[in-house]
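One structure, as structure tokens, below. Some questions next.
By written order: A, B, C and D. Residues from 1 in each chain.
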């Protein structure tokens, strides 16, 4: 077999092995490829930067599933880091039944991270004062609308079963008037409901962090301003990590950056193999032409 | 009669569902939701037949000791166990049924889904050959998007990510819309033919 | 390493499915057969709790006898086994097919014809930014040419031949772009599985 | 000592208009008003209503909005009862009420006027279809262009027979309410007829219980109509599972273990398309795909030998059966596309002449 025939017939298992190692390696060898930051990601970051501390809350709707965790989980963590660093209270909730486990994981891991660095009692984060997680509710649209009147009416108790009246934060935040922005982190078409119903009725600001597959659908809404910022896919998550790091809200880049390194290398790997295949194809065809 | 009655029911159902779309009256909405409930009930009944087929297939395999027959036991056991667990102990969020869903079905499904990353690589390597103008265009546009949506895209040229975005938003969108419009007419025509009884392959043979 | 048995179950099943990449083997066969079995068990329970009980037996029990209709229709599926009346199985099938077809016609006209048309028509307002105006003209041309490729009752010669050829070019560029874009999403899924194996299971990363 | 109390007064909104909400199922009244002249200073608006027959009755609060909003919908009206509405400005808990609206009654409608265009489209297309089908029935020959991949069907069946291996036919992952599934059933019938004439086994796995019952009928009848009922085996048509990836996993198993010579993937597909097609390609099967799922086409084109793209799937089902009635509808489809094409051109042209007709495309 000539060399050019050989490179058109590389065993697929070799490709699979290389691909697997490119997914695993970045977890252990950290490299940073500088990122360009897309305007819609920057817009969300700037919006939250402009919220004054200890005033209105940021509401995060955790609506992603375990399968899309690599894309949306880092978004949640970066957002939480930014809010907590700036003293902005966070209210978490979910409309996807698979999401609460992930939401609790994101909240506890970031809270632990902050508390381990806290030097005084005032510095540490307090549940019910700095953040709450309301849990999951069915009847999405009705719940979203009712929260415009009274959040406590929709979520009388939080995810852990405590009455929300007992939380200082929830006494301050009664409805959307005290919510600076709602950020929906989702792998399905959830943000559209927020735009159609609570936004038109109560004028609440809406932003989103979506999987790469979902995101393009929302570009038109970013253009019209109905969505005040958008993180799209793992790349958006990595960009947000970068912004949060650059502003000193985090100590190191997170999992999205790692994922992006895998992504980049796998894209290059696939392209190299396509090129190899074509080089081989080109020479073998030329050879066949010469043989005739 | 063996053909006329089913065809008539199909015609009536089709026309009623079309008319329903144009009537906002509560009677019409109530009709639509009742029918929908019936449809789900019918699916449940058909499932009994379907599961019957599955059981038959696997018991035959076991009885005749066909190749790989022990795995058929796995399927039958998994099905029976899951059904019993769900029917007896319920489906609450912290029931065993939901745990099995999260820890057995979800990882199995998620991993099958993740196989696609590998298959995309091997399919692209094998099939993306510049054999003709069309194949070359496909290859080039795939490259543009694969480079442009990655962080390193900006090092090719600062405007390259924007170019990749353009390929997605302009030529890609145009072709998708064109295909979609064609599909819509094919679909509508098929649906109409079914309702009008012109297309009756679902009845099976001539009698 | 994890001490949670459920994590171990998830991890081992993950590896069983991945082993198919090397070649078909007993582990994959086990995972596949378990998947099919447990999934069917899952849906049996699902249909009982979400369909048969609330939509049939409970209303019947409450004396809503209109629900005898779906019961009767449903029972007709089983006439397949009685040769003399086996044609009755066509009645529930006709019911379902007619329902589906009737439902889809207005929906298709609305979502896939009229709305797509509206999105494609170019208006002077598209030209507030000259470039985006040109792009919407290109989309218009692309849609028209693609559509012409799908004309069946005329031979693709002359002007029809040229335009349908442009249509095919658009289609191929679109396919390439879709393929390239999807790589990203699928790799994300794979990263998710690997993260699960390295993190919760092996405890090598956090 | 006396305190000078200053009562601040705010102007209420004006022109409160109540109307029955059009095109709905009743029990909703739409309200609109002109903003208070003091809109920038107030906290918001409160909406109140009472039954018009009860002139002595109190107005009760039914909702509120933030400032700057000039519309509200009362979704709890009782059909047939006239209501009066007032909209009040609210500031620090104090209300400043507008004049009441005219008494208004809500009612359900029997025709949705916002959907007239869809009705016209359906009517026109049905007429065209009926016309061309009637014309086809009269026996006039219709020209249909060549569809790559269709000729391959015969070849595929022959190949399987030569190799003594079965044929796998996946009728998509859509249930029977997807028209692509119906088109696939049609093609399945034709493929099964060809198979009945050869000594080839057939495997038709199904994801849905209803498609399982239909495809079983279709295959069985195809064998009967070719005079080979004895060749039909119960095991040809199988039910697998409703779980999308469980189904794909099982198909991979079938491809690897029963080694079909030819795989057909015809119908509606989602992300699992490439899992099956790539496995088939690695196993060396000859593959024909056909789908109207735009997003899955690139993967089938990459991994299969022939692909029926989009509408070609529907054309193929008509073409294979060669029934003039079915072919007639292809002509109607072409005219439908022609109308769409002309509308695109004319609506664009008109919009540049400042005639905006886009409204005719909008559906509520």
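Just so it is clear, a residue touches a chain if its C-beta (ideal position, glycine included) is under 8 Å from a C-beta of that chain, and two chains touch if they have at least 3 such contacts.
Small disclaimer: the values here were computed from a predicted structure and weren't measured.
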Legend entry - Given chain B and chain C, the chains that contact each of them: A, D
Inset, instruction - Give me the chains shared as neighbours by chain B and chain D. - result: A, C
Inset, instruction - Give the label of the chain whose average Cα location is farthest from that of chain D. - result: A
Legend entry - Which of C-D and A-C has more C-beta pairs touching across its chains: C-D
Legend entry - CA centroid of chain C to CA centroid of chain D, Å: 12
Legend entry - Cα-centroid distance, chain A relative to chain C, in whole angstrom: 25
Inset, instruction - Measure off the straight-line distance from the CA centroid of chain A to the CA centroid of chain D, and report it in whole Å. - result: 30
Inset, instruction - Specify, in ascending order, the residues of chain B that touch 2 or more different other chains. - result: 18, 21-22, 42-43, 46-49, 51, 54, 68, 105-106, 108-110, 112-113, 115-118, 120, 122, 124, 126, 128, 138-139, 143, 146, 149, 168-169, 176, 179-183, 185, 187-188, 190-192, 194, 202-204
Inset, instruction - Pull out every residue in chain A that's touching 2 or more other chains. - result: 12, 16, 66-67, 212, 235, 263, 266-267, 270
Inset, instruction - Spell out, as numbers or ranges, the residues of chain C touching 2 or more other chains. - result: 17, 20-21, 29, 31-32, 35-36, 39-40, 42-43, 77, 80, 90, 93, 96-97, 99-101, 103-106, 109, 113, 117, 120, 140, 143-144, 147, 150, 171, 174-176, 178-179, 181-184, 187, 189-190, 192
Inset, instruction - Draw the chains as points, connect those that touch, then say whether the picture is a line, ring, star, complete or other. - result: complete
Inset, instruction - Please name which positions on chain A make contact with chain B in the complex. - result: 10, 12, 15-16, 19, 33-36, 66-67, 97, 212, 216, 219, 235, 238, 260, 263-264, 266-271, 273-274, 276-278, 281-282
Legend entry - chain C partner contacts - residues on chain A that touch it in the complex: 13, 16, 20, 23-24, 27-28, 66-71, 211-213, 233-235, 255, 259, 262-263, 266-267, 270
Inset, instruction - Would you pull the chain C residues touching chain D in the complex into a rising list? - result: 17, 20, 24, 28-29, 31-32, 35-36, 39-40, 42-43, 77, 80, 89-90, 93, 96-97, 99-101, 103-106, 109-110, 113-115, 117-118, 120-124, 140, 143-144, 147-148, 150-156, 171, 174-176, 178-179, 182
Inset, instruction - Going by the contact rule at the top, pick out the chain C residues touching chain A in the complex. - result: 21-22, 181-185, 187-192, 194-195, 198, 204-205
Legend entry - chain B residues within the chain A interface of the complex: 93, 102, 106, 109-110, 113, 117-118, 120-122, 124-126, 128-131, 139, 143, 146-147, 149-152, 154, 158, 161, 168-169
